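Heads up, there are several structures right after this.
Two complexes, one shared chain (chain A), two partners (chain B, chain C).
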Partner chain A sequence: MRGRIKRNLRMVRVLINLRLQNLMMFRLGFFGPFFVDSCVFLVQLCVFEVIYSNVDRIGTWGKGQMILYIGTFSMINAINMVIYFFGINGIPDKIKNGDMDLYLTKPGSPLLRLTFERINPGSVPLLFLSGVIISYGIKEGGIKITPILVLGYVFWVAVMAVLYYLVEVLIRSFTFFILTSGNTIILEEAGLTLCMQLPGIVFYGVYKVIFYVILPYGIMATIPVQFLTGELTLSGALWGILVAAAFTILTAFVWKQGIRHYNSASS
Partner chain B sequence: MGLRKYLEILKIFIKTQLAWRGDSVIQILFSLTKILFASLLWGTIFAGRDEVAGFTLSSMMSYYIISSFLTQLDMSSKVSMEISQRIRNGTFSKYMVLPVNIQGYFVAMEMGMVLFHLIIYFITSVIWIFVFRIKFVFTPDPAIVAGIGILILLGLFFMAQLNYYLGLLTLKYEEIGLFLMIKDNLVAFVTGSIIPLTLLPEHFLWIMKAFPFYYVTYLPSMLLIGRLKGELGMGLLALSCWCVVLQAVIHVTWQNYRIKYDGVGI
Partner chain C sequence: MEIIKTAGLTKNFKRFKKQAGMIGSIKGLIRREYEEKQAIGNLDLTIQEGEFVGLIGPNGAGKTTLVKMLTGIIAPTCGSVSVLGYYPNDLEHEFKQQYAVVMGQKSQLFFELTVEDTLRLFKEIYGLPEEEYESSRDYFVKLFQVQDLMHVQVRTLSLGERMKMELIAALLHNPKIIFLDEPTIGLDAVASKQIRGFLAEINERRGTTIILTSHYMEDIKALCKRSIVINHGCKIYDGDTEKLFERFQKFKKITFTFSEPTLLPNLEFDARILEQTPYKKVIMVPKENAAGLLRELMNLLPTDITVEEEEIGTIVERIYQEGGDGLA
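Showing the complex of A and B:
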C-alpha cells in the first residue's frame, strides 16, 4: 500500500514537471483562465453588493455570509482550475477518438494521469483572489476566527473540492456508454452557473432534491460557509459527508465499468 | 438590387439555423437557469417585503422574463468570434472576396438568426410565465410598444456593430479571444440582464446613461413593464448617436487595419 502511494506521488510529480515544461513552450494565454474566472466572481460580488444596498438579508443570510459564499465558491473553482479541470475536461474527446488507449497502456492509473497531467499554474492567482474575497466576507460578517474554525473550514473546502472533482469525472465518464456526454456537460454548466450565484439556503422542494442530491452544487460552498458562521447543523454536516462518500463510490464504480466497456476507437 | 443580396444571405441563415437546432435547446436551458435564478433569489427576498426599489415580485419577474428574451435575441457575440477565428487562421479572405459589404453580410446573418429564433424564444418565455406562475406586467400603450420595438432593433444593431468592431481588432492585436470572453460577462452586467440597473446607486445610474448598454436591454425591459416611460425619446436619440459614432469608428478601423491582413493565419 505504502509503495503504491509512493509510486503514485512520484508519478504526480513527474506529470507536474512535464506540464510546466509544456507551459513554458506555449505561453500564450497563460493567465487566461485567471482573467476570465476572476471577472465572473468579481461581477458576482458587484451584483450582491448592489442587492444588499437595497435589502438587508436574503433569507437568513446577511451581506457577510453572501460574500463568504462567493469567495468559497471561487476558492473551490480555483482549486479545480489549478489542479484537475483541464485534464478531466478532455476525457470525452479522448474516449471518442480512441486516445484513451494510450492512457490504459501506460503504467500507473489512467485517472490519476488524467487528473494531474494538465495542471494550470496560470490559475494560481485565483486562489489569492478567493482568499481576499473570503477575508472581506469574514470582516463584513464580523466573524471571530479561531484555529478550530479555520481547520474546519479548510476541511470542508477540501471535501467539497473533491466532490466537485468527482461530479466532473462522473459526468464525463458517461461518454464511455453513450456517444456523447455533451448534454450532461451542458446540464453541469447550467447547474454550476445557477449555484455559483445562489446559496443552498434558497433551494426548496424539487430544487433541493436536484441541487442537494443529483447535482450537489447547492451544498458545495454552502456547507463551508455554514460551518464558519456557526450555522451548520449535525444533520447538515452528516449530509455533506454522506453525499461526498456516495459520489466517491458512484464515480469509482462508473469509471471502472466505463473502462471495461471501452473498446478503443469505438465511436 | 443591392438589398436583395442581403435578403438572400438572411434567408440562407434562417435555413442554416435548422441544422443547429441544438443551439436553441442550449439557449432555452440557459434562459430557464436565468428565470430560475430570479425566481429563487427574488422569491426569497420578497418573502419578507412587498417592494424593492419600486419593484413588486410580479414586476421583477416580468423584468427578468423580458430581459432574458432580449438577451437571447442578441446573438452578435458569434460575429466577433467568427471574425476573430477567421482572421487568426487566415480564412477571413472568404468574406473579402464576396461581392457584398462585409459588415452588411454579418448584419444580415444576425437578422437571419434572430428571425429564426424569435418565435421559439417568444413561446419559451410564455411557457416560463405559466410554469413559474408569474403575474406578468406589461405596458398597455401600443405607441410606447412601437417605440420600444425601434429601440430594441437599434440595440440589436448596436451590439452587432460592437461585435463586428471587436472582431476587426484581431487584425491589429491577433489574440482577442480572452477579451471577448471577459466582454460577454461584463456586458451581461452593464446591460442589466443579471439585475435591473435601477438597483444601482443613483450616481452610477447617471454614468450608465451616458453609455449605450443602458439602452440595449435594461431600458426596453423597463419600458415594457410600464416604467421609465419618459426615457423612451432620450433612449432612441442616445442609441442612434452611439450607432453613428461606432459606424464611423468601424470605417476608420477597417481602412487602417485591413492592409494588415495577409491571409496566412497565425
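Showing the complex of A and C:
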C-alpha cells in the first residue's frame, strides 16, 4: 500500500513536471493564462461589488460573511482550476474519441493520471487573490483568528475542494453511458454560477434539496464560512462530511462501472 | 506455455438504427430502434508464449475489437478470455505491468516534449528502477538507432521515427506480450522494413510474444509464422502463414523478353496475356500450368524470363472473398 502511494506520488510529480515543461514550450501559452484568469476573476469581483452595493444582507448574512463566502468559493474554484479542472474536463472527449484506451492499458489509476496531467499554473494568482478577499472578509467580519480556526477552515476548504472534484468527475463519467452528456455539464455550470453568487443559507425547499444533495454547490463554500464565523452546527458539519463521503462512494462506483461499460471507438 | 486463451469469445455492439430524413429523426426520438452488431463471434484461440501471430482481416472484421478485449480495454459480451492468467477487463495493475499495446493511429508520446520526457513518465508508471530504465532505454535506442532523436520535440519527428519511439515507449518495461495494431500504417517501404526487422529481433532475442494486426500483408508474411484470418467477427483460418498464402496463390506472372520482335502462338494452359509488345510478353497462368507454359515458350528463345508471384493484395482479396471455406 505504502509502495503504491509512493509510486503514485512520483507519477504525479512527473506529470506536473511534464505539464509545466509542455506549457513552457510556448511563452504566450504559459504567461497568457495568468493575465486572462486574473481578468476573469476581477470581472467576477465587479459583479459582486455591483450586487452588494445595493443590498446589505443576504439571508442572515451581512457584508463580512458575504465577502468571506465569495473569497472561499473563489479559493475552492481556484484550487479546481489550478489542479484538476482541465484534466477532468477532457474526460468526455477522451471517452468519445476512444483516447481512454491508452489510459486503461497503463498500470496505475487512469483517473489519477487524468486528474494531474493538465494542471494550470495560470490560475495560481487566483489562489492569492482569493486569499486576499478571505483576509479582507475576516477583517470586515471582526473574526478573531486562532490556530484551531485556521486549521478547521483549511480542513473544510480541502473537503469541499475534493467534493467539487468528485461532482465534476461524476458528471463527466456519464459519458461512459450516454455519449451526449453535454447537457449535464450545462446544468453543472448553471448551478455553479448561481451558487458562486448566493450562499447555501438562502436555499429552502426544493432548492435546498437540489443544492445541498443533488448538486451540492450550496454547501461548498457555505460550510467553511459557517465554521469560520462560528455558525456551523454539528448537524451541518455531519451533513458536509456525509455528502462528501456519499459522493466519494457514488463517484467511485460510477467511474468503475463506466470503465466496464466503455466501448472505445471504432478505429 | 499458453499465454492467451479464449473460448467462445463474443462481442456484440448495440447501435442505433435511424431511418433516413427528418421523419426518421422524429421517429427516433419517440421509438428508438437498435440493432446488434456482432464484432467478434464465438472465437476460440490459443497462443503460446514466444509466438509471433498475425491477425488479418478486412476493415470491420473485428481485429481491433479482439485486441481491445485481450488488453482489457473493452469487456466481452460472453465467452471466456485469459491473458497471462488474468481476466483482462479486471484491469489489474499486475496484468497491465506485463503487456504493452501500440496503436498505429494513437500516439502515447507527448508531442511538444522530447521522447526522453515521455519515457521518464513511463518509468514512473511502470515503477522501473533507474538502473533498469537506463539499461532498457539504451538497449532499444541502440537497436532502433535513434540516438540523435531522443532530445528533439516529438512533433518534429517523421512518421517512421515516431513509430520507432512508440515502440521504445511500449517495450521499455520488457513486456511479456506486445499487441501491435497497424504499427506500419502510413509508413514508407524503408521505414516499414526497418520496423519489421526490429520486431523480429525483439521476438527472437527477448522471446516477447507479439500479436500483430496489419493490412500490409508484407508485414504478416515477413514476420508471422502463424496467421489468424478474421472476417465478420469469425475466425476463418488459423495456421501456418506460408500455407495460407500458398493455398490462395493461384497464379504466376511470367514475363518473357525477346531480342527480336516475336509473335506468340495460340496459348493453352488457361493463360491470360496481361501486356504485349513485340519484345515483351507478360502472361498470367495458373500456377500448376506455369511449367508447361514455360516449356512451350522456351522454343521462342527468349533472352530473359521473370517468374513472379501474384501481388499480395490480390491474394488477400481472394482470401476474404472465398471466406476460407474449409480452412478454419
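In the analysis below, the second predicted complex is superposed on the first by the 236 of 267 C-alpha atoms of A that agree within 3 Å, B and C clash if a C-alpha of one lies under 4 Å from a C-alpha of the other, contacts with A are read in each partner's own complex, and residues count from 1 in each chain.
In this text, a residue touches a chain if its C-beta (ideal position, glycine included) is under 8 Å from a C-beta of that chain, and two chains touch if they have at least 3 such contacts.
Values in this document were obtained by computation on a predicted structure and should not be read as measured data.
K.L.:
In the overlaid three-chain picture, which partner chain does A:Pro107 touch, first (chain B) or second (chain C), both, or neither?
P.N.:
In the superposed model, A:Pro107 contacts chain C only, not chain B.
K.L.:
I'd like to know which partner A:Ile259 touches here: chain B for first, chain C for second, both or neither.
P.N.:
Second partner only.
K.L.:
Touch check for A:Arg10: first (chain B), second (chain C), both, or neither?
P.N.:
Second partner only.
K.L.:
Which residues, counting only chain A, touch chain B once they are in their complex?
P.N.:
Its residues touching chain B are 28-29, 32, 35-36, 39-40, 43, 46-47, 50-51, 53-55, 57-59, 186-187, 190, 193-194, 197-198, 201-203, 207.
K.L.:
Taking the complex as given, what residues does chain B use to touch chain A?
P.N.:
Those in contact with chain A are residues 26, 29-30, 32-33, 36-37, 40-41, 43-45, 47-49, 52-53, 175, 177-178, 181-182, 185-186, 188-189, 194-195, 199-201.
K.L.:
For the complex, which residues does chain A have touching chain C?
P.N.:
7, 10-11, 13-15, 18, 21-22, 25-26, 98-102, 104-108, 113, 259-260, 262-264, 266-267
K.L.:
Which residues of chain C touch chain A in their complex?
P.N.:
Chain C residues touching chain A: 13, 64, 68, 71-75, 89, 91, 93, 96-97, 99-101, 103, 105-106, 108, 110, 112-113, 117-118, 120-122, 124-127, 153, 181-182.
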